[in-house]
């Protein structure tokens, strides 16, 4: 016990990890809900509706279903690897988030000032890439260990695709690193603080627009999302690498995928959209109230919804949610809390925006053919990223002169 | 413009370039372009030489000879050979002769070879020859000279065997090459000995050291004499003296311009030039001098006798060349170096002319070389006739013609020079008589009397311009080439010898000879004139002429009678004293036998092959055993790698540990 | 017993075990996984040595690229269990003892070398404020030429691999 | 907190290297043999980094690790390509079947 006392950092980290994990899990669950809703709207459907008000309990139902389904393991499969694969996938996907700073270093726990994020490595960015690069194994091993045709092909495709797009992913980011001159994610964000002409925020999106686009495209590919979701192309190989998986192992892959989405979105936010920095001029004071105000408005809206529209169980549920929203709004308006909330608020806002973008593409774009995919990755994306890098470095050189 | 003296190497390099260009690209070129390259290069050389001469005359005597080293060539310990050139009066003369006559003969060849195959090849070889000859002449040390020496030998071989489809031509080529090589063995040893003695091969050093060493009297064989004799061996081979003259007559297998340039004007005189160049050495080795003189005189007489009865026009000229070379050696041998060189020059003119004229005759007769099938050509080909006539007068030593002066100078030196030797002089005189006889015989047989050829078969025609022009020029030279010495006829100085004096005055004998030449007892010019006109040489020349006239114009039947009456002698002469047969029996056959039965079947097959095969066999045996290691199993290899690694670690770390 | 020591021993144990597994597992893919395990633990050790950058590169290149390549190849050839043939006497009788001997030898000497070398500087971490920056300067200033050469090496390897593996049809 | 002595790392690297060597001899599967090589390289890298820390100052050791990694990547690419071709022709992964290169 005194060992722990010697190392309070451990305690702090553990606390942060637990909190983050809890938040993240819920986020994952509701990301699925979000996606289904949005896609439904795009396809002019209603989406999940019956489980709870606005289908808000749908994720919960899904989770239960996954838990209670029979867990099949193909007899011919390589048991160890078969089981290992999904754990690998999910754990790696979650690990990445440990490096994401959600807000400036303002929090103080157990006398230790720490930032809103689990670690703050001096080369955080590299570690993020390191972990994402290892993320391939989950898929590949899953494909191999199932010892069946479709998964094998899916796995091969997935690994090939991820390896190829990782290259352009990394390259597209180097521009930003050049501009900031650091690999530390916090410093990367701080490097974007400031304004052009007092109003336009100094985010990297503007100078690095090409890099941003490259990054986002390869990020989609990296996470095997539409239109790059060949590894699980239903029409060609049933469900790709996780064909043989069922119940909770499948769920793990599922969660891993969404976790990855969140990760890359967070990264995009940090690298290109100025992380937790507020887009509004710090000269004004009213933006400080924004989070609380929005939450209150949301809560009020929910109350109205509860009272007028909903009936039965949904009412209770919505009542709970709306009260939570109102409470949170109230907390956010407390002066001491207000500044702490700013960072996460903007951060999450941006991430959500990017996630919406993800879903949007899925809703609209058709799937690539495999050779097209490879050609696109190697013959278009990579050169563009390279060119961007060259130009950027040249400009940096000139400006530093 | 840089002074030629500073870029001497340009002179030999120009023809080399020509040779290279023609050799590489000439095959597909029209004759005109080949001419442009071949003749262009040579004429440029000639101009360069002229420029050099101009500069040379501008130089004060103190600065001569010009010695320039352009690059180190062979450097091994104390042995050092440079590409260095040596230009003095002697070199100047040789340069002028070589490049001038060479140029003329090149021009002549364009006409003579016009219809031959391998035109470009011919000119390539000719240019190459020019290159080597110029190197030989300008060389500043023995080794470089030897390069030129061997080079011209090579070219002569190539050109003799020019019609390589004719076996006789090839054999003649081989014969020339091998015979001269025999002499060159001596030459090589001579060079080595020279280096061993003087610890240098540069002329400058050698001459200096020689000057400081005592003169070796006759019969005293010291190192200088040995060197001189060894070098002489090479000279004898190259200049076709007894006993190595046999290759020259056969060399007539080559095209006539070749005979003119190489086997009359330039290459064969290389020996003479060499001896003259090394005169310092010879003047200190009197035995060698004597040998030189003897060889020269004997050869002069001997080959003249053979010349008497030859029927092939070129053969006659060949033997006359040999005998004339003999005269040159005689001159050198009696210490009249200048005279020898003088004769060399004049001979280059008139003998070159004779050959070219003969070539023109052959050309006219459509390839016929036998004089018995000619005759009465005087009207048909006047230019050739007149030029040849002039040349004949020159070689016969008729007063006022070039040959006269040079030959007289030599004979005088032989009669009452410092190394005078009456027997040799007598031989010389007799040789001179025979010379004039066979030359006029040639002239009469060819151009006078009734035609002995079939009018309808052979269409006699004068040669084209580009052949006649060189003839005429050479004729002028053959007549006037000797007029440097014109004053001597009235007791005046000999400009040629005066010009060469700086070179030879080093040699006591030479100066003596020259001095003697300069002041014969001061009597009235008229007396001197009379004496020189009544010189024995002139008289014998006259006798020769009259006999020839008697035999072949007045009484054409006499020769046959004579031949029958002294039949034995006649056949002996006709078969050249059976020397070739003798050599064949005594030298060639045994050599062949030995090399076949001993060297080949015993030494080569058993010893050498045995050794080589044995080595291979052992290697294979070892390999047979060792290859078992290579199991082809990668894991074994891996294991071996580890073995190596262990050895290295143990060694390195162990040793390192010890050290620490 | 301090935190770094604990971490060291943990990772060392994992690495050693992983290496052993590489030897004893027969399924190539299992060996590959074991190797990945070794690499990752090595990466952690690098962190312990304050070489963050190297650690990251270790994971990105080795675990993220090279081993992925291995696994893809294994999947392509779908390599099964390796059969235990024993054709090479050399490997059988010389290989193991020599290998072990080499190991012990190295252990012995290296431990001594360490004693010879200056004792480990106190804090985990490095001298320069930003070691990564130092490394960058080293790579692009002092070692620029070798660096460029390595790029050429990579290029050649790329082409070679392409030529070799391309099925000529 | 005090650091881990350098010699520990070195010993570990020695052990790993030795295991790599043994694997190199004892595996029959080409691909595994290539892995063994990778293992050895890793061991060497560890030694490099350890020594680097021991010497402190400028991080020359890291640079070498860098180059080693590059070479390893190249080696893996080419090696696997070779392996693939060989396997295609011999229809076997066992190096002991690839014994044509002998005598």
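As written, the chain order gives the labels A, B, C and D, with residue 1 at the start of each chain.
Everything below uses one rule, namely that a contact is a pair of C-beta atoms (placed from the backbone, for glycine too) under 8 Å apart; a residue touches a chain by one contact, two chains touch by 3 or more.
What you see is a predicted model; the values in this text were computed from it and never measured.
The most central chain, judged by C-alpha centres against the centre of all protein C-alpha atoms, is D. Averaged Cα coordinates give subunit A a centre that lies 36 Å from the centre of subunit D. Each chain gets one centre point, the mean of its Cα atoms, and the points for subunit B and subunit D are 76 Å apart.
Note on chain placement: the centre of subunit A and the centre of subunit C lie 31 Å apart, centres being C-alpha means.
Distance from the subunit A centre to the subunit B centre is 100 Å, each centre being the mean of its Cα atoms. Of all residues in subunit A, none touches 2 or more other chains. For subunit D, residues that reach two or more other chains under the stated contact definition are 21, 25-26, 28, 96, 99. The residues of subunit B that reach two or more other chains are 631, 633, 635, 638-639, 642, 645, listed in rising order. Applying the touch definition to all chain combinations yields A-C, B-C, B-D, C-D. Within the complex formed with subunit D, the subunit B residues making contact are 627, 630-635, 638-639, 642, 645. Against subunit C, the residues of subunit A that register as touching in their complex are 7, 78, 80-81, 84, 121-123, 126-127, 129-131, 133-134, 136-137, 140-141, 143-144, 152, 155-156, 159-160, 163, 166, 183.
Residues of subunit D that touch subunit C in their complex: 1-23, 25-29, 31-32, 34-36, 38-39, 42, 45-47, 49-60, 62-63, 65-67, 69-78, 80-85, 87-88, 93-94, 96-97, 99.
Taken in their complex, subunit B has these residues touching subunit C: 631, 633, 635-636, 638-640, 642-643, 645-646, 649-650, 653, 657, 660.
Subunit D makes touch with subunit B in their complex at residues 21, 24-26, 28, 33, 95-96, 98-103.
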